[in-house]
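Below, each structure is written out as structure tokens.
Two complexes are shown next, each including subunit A; its partner changes from subunit B in the first to subunit C in the second.
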Partner chain A sequence: MSVRVLNPNAEVLNKSAALHMTINAAKGLQDVLKSNLGPKGTIKMLVGGSGDIKLTKDGNTLLKEMQIQNPTAIMIARTAVAQDDISGDGTTSTVIFIGELMKQSERCIDEGMHPRVLVDGFEIAKRATLLFLENFKTPVVMGDEADKEILKMVARTTLRTKLYEGLADQLTDIVVNSVLCIRKPEEAIDLFMVEIMHMRHKFDVDTRLVEGLVLDHGSRHPDMKRRAENCHILTCNVSLEYEKSEINAGFFYSNAEQREAMVTAERRSVDERVKKIIELKKKVCGENDNFVIINQKGIDPPSLDLLAREGIVALRRAKRRNMERLVLACGGEAVNSVDDLTPESLGWAGLVYEHVLGEEKYTFVEQVRNPNSCTILIKGPNDHTIAQIKDAVRDGLRSVKNTIEDECVVLGAGAFEVAARQHLINEVKKTVQGRAQLGVEAFANALLVVPKTLAENAGLDTQDVIISLTSEHDKGNVVGLNLMDGEPIDPQLAGIFDNYSVKRQLINAGPVIASQLLLVDEVIRAGRNMRKPTA
Partner chain B sequence: MVGMSMQPYGIQSMLKEGYRHLSGLDEAVIKNIEACKELSTITRTSLGPNGMNKMVINHLDKLFVTSDAGTIVNELEIQHPAAKLLVLAAKAQQEEIGDGANLVISFAGELLQNAEELIRMGLHPSEIISGYTKAINKTVEILEQLVESGSQTMDVRNKDEVISRMRAAVASKQFGQEEIICSLVADACIQVCPKNPTNFNVDNVRVAKLLGGGLHNSCIVRGMVMKSDAVGSIKRMEKAKVAVFAGGVDTNATETKGTVLIHSAEQLENYAKTEEAKVEELIKAVAESGAKVIVSGGSIGEMALHFCERYKIMVLKISSKFELRRFCRTAGAVAHLKLSRPSPDDLGYVDSISVEEIGGVTVTIARNEEGGNSISTVVLRGSTDSILDDLERAVDDGVNTYKAMCRDSRIVPGAAATEIELAQRLKEYANAEIGLDKYAISKYAESFEFVPKTLADNSGLNAMEIIAALYTGHGSGNAKLGIDLEEGACKDVSETKVWDLFATKLFALKYASDAACTVLRVDQIIMAKPAGGPRRDAAAAAGAGAEED
Partner chain C sequence: MREIVTIQVGEFANFVGSHFWNFQDELLGLASDPGSDPIFRNHNLNMDVLYRSGETQQGVATYTPRLVSVNLKGSLGTMSSRGTLYNEGSSSRSDSSTTWFGDVDTQRSEPRKRKLFLKSLYEEEQKVGKEIEDKDIVGSLDEEVECWTDFSKSHYHPQSLDELNGLWMDSKDFNNYGIGKDVFSEASRGEEICDRLRFFVEECDHIQGIKFLVDDSGGFAAVAADFLENMADEYTNVPVLLYSVRSPMSQMSPKKTVSNKLHDAISFSRLSSLCKLFTPIGLPSLTGSKASKFLNLGDEKPYRSSAVYAAALHASTIPFRMQPTSSDSSEVSNSMDVNTLVQLLTGRGRQNIVAILDSAMPAPTLAGKQLENTLLTNLKALTPEVNEDVEDNQAVESMCILGALRSEDKEALVSEVKNAVDASYEHAITKTKPLFCNLSVSRCPLPVPLPFPSIFGNLVGIKGEILSSPVSDSLYRGSLDVHSIPVATRWRSSSAILPFLESRMGHLEKLGIQWGAMGSDVVRSWGFGREELQEMRENLSKMVSELNPQFFESSDSD
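== the complex of A and B ==
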């Protein structure tokens, strides 16, 4: 073979062998992720190299943690991860959709079809499906007052696929409220303004939304207040510690008094900065007011001591993001220099307190006015529970954000997939000329993998479910699958909605990658053996 | 090219070498359950007052002799992922309440064992989970009904009330010595209990372990016991004011490197003198403020020490930052950063501070009988290190129980009375249930039986007879019938006075069911290749050998 001539060590798979390898890989990956899909999916346990445990139902996490080596599988995994990056959800659906497309193609190819013809059919079907999606979607009006019910339904649909029902329902409110909290008219939503903080404490159902901020550190001075009410908050990025000069400097002295003088002189500039803050405090604080400094840079022990004596609570080395969030939550502005301090630059919070959990300290800034930033405080008895909730919350936030930006949703529970399939088979296929029809058909059947898998995971009979769903659709009723009893339901009434952008991305990306894989007719790997990795 | 058509299929071919992938009922679920069962059989024999001790040798060759499940599972270094879930649940319990870790592991193990039977019967794990979830919710409901009336409020400063709640927890670690330990712990806790009991801080009850003597020589010190000597020659001070300096007692130094500039011998002499004068001035200022004791967090200069001796000031060095803070709390002092004249408000006060020798160890004891009762120390005496360690764990459990009762003082009957009552009521609930959940709920109820069974087994009693007698008693309406382990018969717990804290039970049962359900939910495991590093097989083998005892 020609490549062998060029490089005798290269390994080549060609024609059908290459095709079957890619198809097998796609099917294999589909098999792994299949059981994750939907609210009835099972949990996978990932054990890391050091024995750390991760439990997940999230396709994205799974693909990231599993170190996949097969080249085809990597390609699919990347598409799925890209799906997650863009729309925040739908990773599992992407993988199984691609796997199903490959499976359907395999059948056609075994019957002698050329991959090229299939790919043409896919392209036609894809365009038709996207068009169908535009008509199928349910528009949602996102005015100044967002429709909370719809948002909740979307968030609930996403969360229920990641966590068990009770917890998911509780998180739904938290997620929706937090996105609405940071939403500003005329601006894109920046989800980073929702801080996600976790505490290893109590139970997962104790997770809550804090209107304000939770910082994962505390004041470093034993005499500072643990709890302060009516707080003026100074957000600043000013170094309050002695810093060595850039150049190599030294002091020369000949008696102890001179040295004492130098000790004070050395600290003077830092002390002055601290004094300015103290002056401001004296100016703004009344009898019952408190003053809190949250500094991005450091505060050294002598400065802390000065501040503590004035009754000021000081936190040092805050995260940069938290500085942004603080300003949004408490008002005021972040200060970079103490020279022009004004009372206007201060924020306000009703309550600032410290919570100690073993070695860890947390500072809560609560009861703020008109917050534009908030914190989701995740609690759970152990790390894997927390990680699981964290992933779910992230996806939940994304789904709410998507809905607000898309201004529309798609009926879930498999309703869209079945409807699109019926549309393709009944309408589109007839308009297509020639063999590409088979490509369209394969595409249409592949869409059914979502309701099929949902049914399979719920322990229902796949064929029964598909038959009953398609016949309802043919009657003109748009129905989805009720996972409890396997009967068709109206997703609109059950409140099951998916993101429009997730579906769009899925329809877009799936066929593209499947076509690419189908058109591969030679796999060449130089040097190493493909089947058994070298030891 | 023949081999090319036989491409490997499935997940295994896609993963990196060294990865393992387990899936399905037999491979994952049943295996997980078995691992958890193994773990719970290890800890189970340590449950209750007559539980056996375990000898565990950890990877550092440190020897543990204990019946404290928290310690055992910690030192065992469990590798199996599913068993680890149980360990994590036990750890959470340990952090949240500080007691009841054994109940978590044993109960979760029992739940899983029963789940296995259900799976073999043909139930799907998800059906078991939904049944177990219903059962735990019902359990919490029943548990609240079982709370002893009148226990909602308690006087956390009443020693008898405290001891009655603490006894069961301590007795399960040190049976026969619980009266002595409880009395010590209760005294120590009540003393440091702040005005608002919910703010009780476990850290304020210290434990000092001193080899020699016996438990009867143990005592409470209102104040602190530090295992160090005084720095100077003054070893004793009564009714003294204390100045605390966090940064060390020495001459001030600049942050930037300083160089002494000397031109002649005369200047050198002068420099030494000014230096001396400066230190003297500082120490004198401290002495004039009335302080008789200086506590330093850093180094103490030779020169400074000299002047301290001259001004008859006792000098102590506490290098740990946390220890220093505790000392500040004991004496009610405010720590200064640098050596300077302290203001009268910043000075602390101790009744006496003295260096003593107990059992060959030099200790400094700071007592503060009247003023700030913020720290107390339990001085434990015992003949060997491992006995002391075990005593310390019992004391820790006692203190944690105190903390828990400060927050929630409700109690439920102990000595397996609660468990049997729960089992009985849950069974009734299960019978009323329709559908497949019924089986899981009734198995959940059955799981409670392991508590009286283990208690009886560990005491050498006939478990079956006891359980039968308990059921008969509870059936006739006596919800407080428990086991009296000394007499080997069933007795009303209001006579034997064995009470458990409601919070301990609640958290333990919830964590256990949580962990069990999580194990059941997992149907696939993907394991990475274990990371490199030194092999610890030898130590693990030694530990495994010790478990069999």
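== the complex of A and C ==
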């Protein structure tokens, strides 16, 4: 072979071996993630070599924790993670869908079919399914007043696959309310405006929505108030510390007095800035008002001293993103220079207080008017619990955002997959000429992997379930799977809805990757042994 | 007090860092031990510059490095990424499924075995098991060390250790700029790293600088560059001292590939544009180099080679923590802050930001007739691709000497060291004197902690003095035989660095930019456009012309 001429160490896997390597890798990955799917899936506890614990039911997190070596598996994993990046959910579904497509293809190829023909069939089926999805989706009207009920149902569907029911239901309201809080008419929703903050608390498992902001640092002066009411909030990005400025880079002093003079001059300009802020405070603050500075740059002890003497609370080195959030939560605007200080640039909060946990300090900015930014505060006994809730909250937020932006949802519990499969088999397949029909059929059967896996994870008999679902569907009903008893249910009544964009992305990406993998007929790797089992 | 925050990015950088923090831990231990040499008890060095005080939720006081360390996943060995101090205790570990009442599928990877050294530390803490002989520990370390945590005796804060998740590749495949390119920005990894840094910076009342160690031989160069870019935005006026450290292993292969050369050029040009002072450390081979006249190093083990670099790093940063109030006390002299050093080396006449680091370990004894010359000749460059024969009368130097000895086992006074250095410059025959030389002295030598590798030859005595006759047959003497050593380091801003700069510029031009260049596909796949490369070349040639005024004339003529 020509490759061998170029590199004697190169190893070449030809047609069938190459194909089986990729198919096995896809199936392997599917096996790992399969048990995650749905509200009856198992949670995975990963204990690392150093005893670190990771707890997850999220396919995305699990993939990132795994040390994947096989090139095919990496390709699939990247697609799945990209799915999560784009639509916020559906990682597990992507992996098992691709795995199932490969599995169905394997059967056809073993019977002598050429991968090319299969791939053509996939393409036809994909387009037909996307078209079908357009008709199948349930439109939701998202006017100025969003339909809170439907949002809650979508969020609940997502959250219940990640957390137990009670906790999921508690989070549902929080997640929906926080997205509605940051939603602005005519603008895309920026989920970063919801801060997710966590506290490690010995016994407490609790999550709450703070209308306002929680910062993970406090003031750095002993005399500053720990609790202040009626606060004017100054959000700024002004250095209030003495630093050698760039301008003086080439300047050298020749004696101690000159040095002193330079230092005092520098210091004075910092003090000037502090004084301007104090002036503003005096101008706006009444008897019972307080003044809080939240600064992105540093504030050194002398400046803190000056501010503390005036009863001002000051926080330094705030997160860049919090500057944006603060303005949205409290009003006013971020100030970049003391020359821009005006009473209008100030925001307002009813209550600012500090909470100390060991060496960690938290500052709560609450009771704000018309907040457009908020914080979800998660308390948990240990890191892995917090991390898991955090992941779930993120997924919940994404599902609500998707619903608002899609202005439609898709019936869940496997209803879409069953309906689409029947559509492909009963309608589409007949319109296709020749052997590509088999590709369409393989695609249609692969869709069923979602209800099958749901059933399997719930401990039901998959064949029974599929038969009862398809026959119920052929009677003309839209049916999903009841995981309690394996009977068909109406997902609409049960309130089980999935995101439209997640499904669309899944149907788009799955066949593309599967087709690419199927068309690989030679794997070449220079100088390394592929057949050796990799861990 | 002026704080420094340390950042370590990449495998070898963390090896060096681990030794560095071992030195600090040893210094802290000796300072509080009433039985130790008084020289360690009042060293007049402020440890708070590097360390932070904190407290766990249980109210236990902690003292941990102000450190952000970035690692590949799985390279922390037996160390938990949360460190060792802030553990929530075993009770809360069992109630794992408070968030899920369904089935739990536990995947337990084989617990990694603690190496003998860590086991001894752990058992000492728990007061169980029988004492493990120091001798066995030292012996076992050389064989057993696989990752940098295996010989680290320092405790770390939970915010310190970061692992890059979801890369799905071996450390040996993470070997060029292109591979690391999107690592920082993807999957909010960068955000997490920046949050960790912010945690430490927020606490600082008056930060003097950031000490940034990066193993830029692979994909970490790109991670570091993105991180630095982010820092430049956030902490505009905080000077960054960048050390690029490379293990001899990473430069072993005799024939560098096109991609290696381009990687070196690009990573240097990106990183140097984002810091105030760039110090490349890492010789292609330590065994054959002059740096190891009294040391037996070997190139294979990063555990051994990193120790030499860590000692130089320690010595070179000592001036930043001398108590400024005692500017001329009997223990230390001539404290500096990061900004002063940067201006000293880069701000005079020539704007050269690439410095050479020389080190003498152990530093020679000051007594004896030929003392004048030994100090300067013993200082050997740890920076690769340096032209030692160059005469540069514009050079600027900053030297730092720790614990120099006057005779067999007597530490020299600060004034004696100063005089000796003056004298050695006076009597130097071969070399052109530098334009300016700054000298900082501390009487406190480098303590050799237990997990320090056995790298000393048989001419090194218990206090690091150089003996006239071999003391024993053993070629490898370690922490049990040598308790402390004097170290001298010197920063040089000199045209001796020109070969380093020129080779990078040449490779970029020849392999990346020229029409039909061999590496143009490589750089394109790394996502660099032609303009970007040209801008890099522009910057590099500006650096070269700072040091070599003829350069512009010659390149203009054609």
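By definition in this document, the second predicted complex is superposed on the first by the 501 of 535 C-alpha atoms of A that agree within 3 Å, B and C clash if a C-alpha of one lies under 4 Å from a C-alpha of the other, contacts with A are read in each partner's own complex, and residues count from 1 in each chain.
Throughout what follows, a residue touches a chain if its C-beta (ideal position, glycine included) is under 8 Å from a C-beta of that chain, and two chains touch if they have at least 3 such contacts.
Every value quoted in this text rests on a predicted model; they were computed, and no experiment measured them.
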Going by the contact rule set out at the top, does A:17 touch subunit B (first), subunit C (second), both, or neither? first
Which of the two partners, first being subunit B and second being subunit C, lies in contact with A:47: first, second, both, or neither? both
Could you tell me if A:266 is touching subunit B, subunit C, both of them or neither one (first, second, both, neither)? first
Check the residue A:316 against both partner chains and state whether it touches subunit B (first), subunit C (second), both, or neither. second
Who does A:305 touch here: subunit B (first), subunit C (second), both, or neither? first
Should A:29 be classified as contacting the first partner (subunit B), the second (subunit C), both, or neither? first
Partner chain(s) touched by A:220 [first = subunit B, second = subunit C, both, neither]: second
Examine A:359 and indicate which partner it touches, taking first as subunit B and second as subunit C; both and neither are also allowed. second
Examine A:281 and indicate which partner it touches, taking first as subunit B and second as subunit C; both and neither are also allowed. neither
Identify the overlap between the subunit B-contacting and the subunit C-contacting residues of subunit A. 35, 40, 42-51, 53, 55, 65-69, 200, 202, 242, 244-245, 249-250, 301, 358, 381-385
Subunit C partner, complex, touching residues on subunit A are 35, 39-53, 55, 57, 63-69, 74, 77, 81, 85, 163-164, 167, 200, 202, 205, 217, 220, 239, 241-246, 249-250, 298, 300-301, 316-317, 319-320, 357-359, 380-385, 388-389, 392
Parts of subunit B lying in touch with subunit A, wherever the complex brings them together: 1, 3-5, 7-11, 13-17, 19, 28, 79, 81-82, 84-85, 88-89, 91-92, 95-96, 124, 126, 246-247, 251-263, 267, 270-271, 274-275, 277-278, 325, 328, 334-335, 337-338, 510-511, 514, 518, 521-531
What residues of subunit C sit close enough to touch subunit A in their complex? 54-59, 62, 73-74, 76-82, 88, 92-93, 95-112, 165-166, 168, 170, 187, 195, 198, 201-207, 234, 237-238, 339, 343, 347
Subunit B partner, complex, touching residues on subunit A are 13, 17, 20-21, 24-25, 27-29, 31-32, 35, 40, 42-51, 53, 55, 65-70, 73, 200-203, 222-223, 242, 244-245, 249-257, 259-260, 262-263, 266, 301-302, 305, 358, 381-385, 459, 531, 533, 535
